[in-house]
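Note that the chains are named A, B and C in the order they appear, and that numbering of residues resets to 1 at the start of each chain.
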Amino acid sequence: MDNNAGTKSSLGWAVNISVVVLVLLWLIPTVGLLVSSFRDRDQISASGWWQAPFSVDLTFRGRASTSGMEQQNGLYVIEGNIFADAEVADRFPDGEGTVIAFGTRGAAPSQYTAGETVELRRGGTLTVNTDGSFRAENAEEFSGQGPRIYILAETPPDLTLNNYATVLTGKNELERKNAIEQGQTFRQLLFADEGLFINFVNTFTVTIPATIIPILIAAFAAYALAWMEFPGRGLLIAAVVGLLVVPLQLALVPLLNLHNQVGIGQSFVGIWLAHTGFGLPLAIYLLRNYMVGLPRDIIESAKVDGATDFQVFMKIVLPLSFPALASFAIFQFLWTWNDLLVAKVFLPSSAETKVMTVKIADDLLGSRGGDWDILATAAFVSIAVPLIVFFTMQRYLVRGLLAGSVK
Amino acid sequence: MKHLLCSGAVICAFGLSASQAVADLPFDIGYGDFNWDSYTAFADQYDLSGQIVTVTGPWTGADNDLVTQVLSYFEEATGATVNYSGSESFENDIVISARANSAPNVAVFPQPGLASDLAGQGLVAPLDDATADWLTENYAAGDSWVDLATFANESGEDQLFGFFYKVDLKSLVWYSPEQFDEAGYDIPQTMEELKELTDLIVEDGATPWCIGLDSGAAKGWPATDWVEDMMLRTQPPEVYDQWVSNEIPFDDPRVVAAIEEFGYFARNDDYVDGDASSIVTIDFRDSAGGLFTLPPKCYMHRQASFIPTFFPDGTEMGVDVDFFYFPSYAEQDLGNPVLGAGTMWSITNDSEGARALIEYLKTPIAHETWMALSGFLTPHKGVNTELYSNDTNRALGDVLLNATTFRFDGSDLMPGEIGSGAFWKAMIDYSSGSDAATVAGEVQQRWNSIQ
Amino acid sequence: MSPLLQGVLTILIGVGGCVGYFYASNLFLDKVLYPASGPNIGRNINRANRIRPWLFLMPAVLALGLYLVYPVVGSFYRSLFNRAGDEFIWFGNYTSMFGDAEFREAFVNNLLWVLVVPAMSTFLGLLVAQLTDRLSWGNIAKSLIFMPMAISFVGASLIWKMVYSNNPDIGLINAIIVFFGGEPVDIMLIPFWNNFFLMVILIWIQTGFAMVILSGALRGIPEETIEAAIIDGAGPVQIFFKIKVPQIVGTIMVVWTTITILVLKVFDIVYTMTSGNFGTQILPSYMMSYMFRDDGRATAVAFVIMLVVLPVMIWNIVQARKEMR
């Protein structure tokens, strides 16, 4: 018996470890996106997201500005601290940092170690110290704006909620600043036309009926196909399976035409109907397969007791099918939530009726293909609600599954 | 509730936005060097109070804001409400909505080829002859703009179907003046010099070019611009026209040579940032950023006049970045050809408001307001060029004026399946190692299949 | 009216209308048309029972007919016409399509997808469902593996574009390669294998789906059968394969079918990652490149896709027949 217990616990370990490995594999890509959504564009391209919590060595450029030029002992001298330079300062808010190396040309920004004194390209010498203080000397006056200084500096991690503010209000940092200066609050920006809030509400307006209506219709149909005798049943089941694979794109133009003709046009009613039609085959298929597995004797004894099919369905089948209904509800919800194509075709394209996916695709991703920061954030904002729904529904799901274990 | 009770939600949506306050006008009417007379004259002529004009176009994000601001002057002048909506998948959306009879009043086509397809199916309303005459007279190289927007209608007759408003220049090379200065490079005046400079940069141990061909579902288009530019620099414009209209086959040796000219730059590991084969997976929006890294990933980037939108935040035009004309061969004696593109405004759902909007585009003020904002070039001869928002844009305007030959982006003129399909794919194949003649042959095959 | 209130109202009307139909129509059938009382009670119940299936089915049949059958029939008719839609060319679109090298490539790739993605997703889903079944933190693990289901295809493509990026400062895979001293590679350009890297994305998404359904089925297995097996001295692996899997084979096939069908519809991943370049074309994205340009060809592709699913369809019909007996 000892031996048996030993294998059991080592097996337990193996199970735990393999689940940990699987979960990590599944999680890592998303974590990458999550971390990136808190970083700005420059950081994303400068270092991998896995380095986000650490200081990284980044190059910056500043200038020994001629506005600070003085004459000392017949030499023209510019002194200052590079971390106070406007072009560098926004990543070093307290004006302090550590210079590792510096350079005088953009092509070689880290040519010299900090503390060295080097020749400048247009004459004179330059010294940059580890603390960022620099001194440029020349026998002649420095021309123009003054010589460029390139530095390689240890840069502290900088995680920001800026991207989220941009995505939620539809305005970038500068636009937000201007709007707030004009007296608007962040709240107002969020609820304004360009903000995401209205799209958020629209998405709910689309998804909730588009989830519940097909489930209701499909549940009745699935019951009929599973437990009622009538001619043509086999044919209908076959048709449902066949319709599962119809590509949506085929249906777009004829259906929008139809909607226009009957006067629905592009509207919420139209998109509910469309989602219902497109989601039904899978709903019927999954629910019928579940209902067929319900115990025959319960249903038949109820019928013998004189219950009509409607009563059997409402009182017995529906409660027993709860886990299947709940899991399909989640899938249909996720599908309609993430849908872009149907929403674009069946809803009018004005700002008041856009759903979130359309808003994100058109207003945010549009001109920002290279902006990983905004893209990552937008993706996360759109994931958030499905995740919350899943985590709250999941308890029901598991409980429902246990309750439904009647096979 | 509104949505549910109204029979067509489109109408409801209009009802909602009509109640909103008129968008802010970026420039006060009557102030500055704008041609406000043209505005007042237009405002006196039209009263469209309560009317709705729907416009869809390819501009999203920042460009969406710009076009909305510009159109707000039309709203102010006429009392109409303009609903502009931009879409990332404009090309698909407009076809779906036009076929399903729910097209917007005015569609802004980035590619005349697509408009031509729809016009041939009777889904676009023609513009009147007066507009054609107006364009000929008031646009620089007016005839060519009329020709570009003239297609066969349903019954095969040629009619004017669009009005070009907002032009982009393509034959541009972007660079950092500071980096050029530090490295001691001069702006090349000829293609020969450009090739020498390319080699010189390699000798200095750096990388001359950033090229990125990835663009989501439109992968490959940046390379078509290269090939078109090379075509204009190696062949007379007439050959270019024949190529675009497929009078000479796509795999003609002259076209293949132009593709290989692009390959001279793009298929050399030393010339481009990263591996030559990796340019197909670099996003064109990211590739421009290579100019601004320290050390620079590259010194030059050939791209159209719209690219500054994708430069890092805070990039100052003329200081951090500037452009030079993508030069022509001194030995070829083909002058200074310029490649450009533009957006064409067409009426897809006729109404009084739509007609008025096209009329409004003829006024100088319609052009000047956008010029003064940013990212807008115009061939309108009657505008005050002092109003361009910066020197770079004014210089871009000069390139347009100094061109000895102006040609429209060929891929935009080819049928949609070629110009925004087979040609793109061919460029991806070529850039990832296929033979130029082979990929050109495949494009020609597809072209044969649609004729 | 605030948008929130407006939304709630529209939701109530939409859902209420639907519930109302079923309730009212059944009430009408039972109380007014054929009341289960009075002199003809037996005949009335019989009649009502003959009509009721159609009452239950009507909304579904109507919606399916209108939203799927009607477009499918119309599209099939369209696929027999040429590009412009004005000339009837029988199966011309189909024959010319099979002559197109890109189509054949898409077809072969699609077969690979149909074989690999459902198999891997179902297998991994089953594995996770079983492993987490008795784990104390099983629900957390399941939620995390389910998470990709909540991400849109566009979002997922974005995530994997980052993972696959050839820039070792963005792409994790290349960062690892570089860390071990290798040269960064363009994962999307590796011939043939790039197809599998694209499939990984869909497997990553769909494993959660398989897991949720299968874990429900696993829990539905009566405890007695398992206890009996333990008493007989069966090990956990044996129990899994010999007792558990045979009992849920029906559910496994349902999951398999559902994912197969999804594979045949999803174009977004290939469309945004490679646009079908580099030898990764599949039928749905091939269809998209013709959609709205050459409708004849596009609809013909759609019917080839429907043909591919035929074996799955037949299996399901046979299965349904068996259950009926």
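Methods note: a residue touches a chain if its C-beta (ideal position, glycine included) is under 8 Å from a C-beta of that chain, and two chains touch if they have at least 3 such contacts.
Note that the coordinates shown come from a computational prediction; the quantities given were computed from them, not determined experimentally.
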Reference subunit B; chain at largest CA-centroid distance: C
Central subunit by CA centre of mass proxy: A
Comparison of A-C and A-B by number of C-beta pairs in contact, larger one: A-C
Chain centre separation in whole Å, for subunit C relative to subunit B (CA means): 40
Between subunit C and subunit A, distance of the C-alpha-averaged centres to the nearest whole Å: 22
Between subunit B and subunit A, distance of the C-alpha-averaged centres to the nearest whole Å: 31
Sites on subunit B at which at least two other chains make contact: 3-4, 96, 216
Subunit C, residues touching no fewer than two other chains: 6, 10, 291
Residues within subunit A bordering two or more other chains: 45, 268-269, 361
List of subunit C residues in touch with subunit B within their complex: 1, 6, 9-10, 13, 83, 96, 166, 186, 188-189, 271-272, 274-278, 289-294
Parts of subunit A lying in touch with subunit C, wherever the complex brings them together: 11, 15-16, 18-19, 22-23, 26-30, 32-33, 36, 44-48, 50, 198, 201-202, 204-205, 208-209, 212-213, 216-218, 220-221, 223-225, 228-230, 233-234, 236-251, 254-255, 258, 268-269, 272-274, 276-278, 280-282, 284-286, 289, 292-293, 308-310, 313, 323-324, 327, 330-331, 334, 337-338, 340, 357, 361, 372, 375-376, 379, 382-383, 386-387, 390-391, 394, 397-398, 401-402, 404-407
Of all residues in subunit B, those that touch subunit A in their complex: 3-4, 6-10, 12-14, 16-17, 20, 56, 60-64, 83, 85-89, 93, 96-97, 99-102, 176, 178-179, 182-183, 204, 206, 215-216, 283-286, 289, 293-296, 309-310, 312-313
Residue ranges of subunit A in contact with subunit B within the complex: 41-42, 45, 59-61, 105-109, 121, 148, 150, 172, 193, 252-253, 256-257, 260, 263-270, 344-345, 347-353, 361-371
Touching residues on subunit B, where the partner in the complex is subunit C: 1-4, 91-92, 95-96, 117, 216-220, 274-275, 277-278, 280-281, 416-417, 421, 424-425, 428-429, 432, 449-450
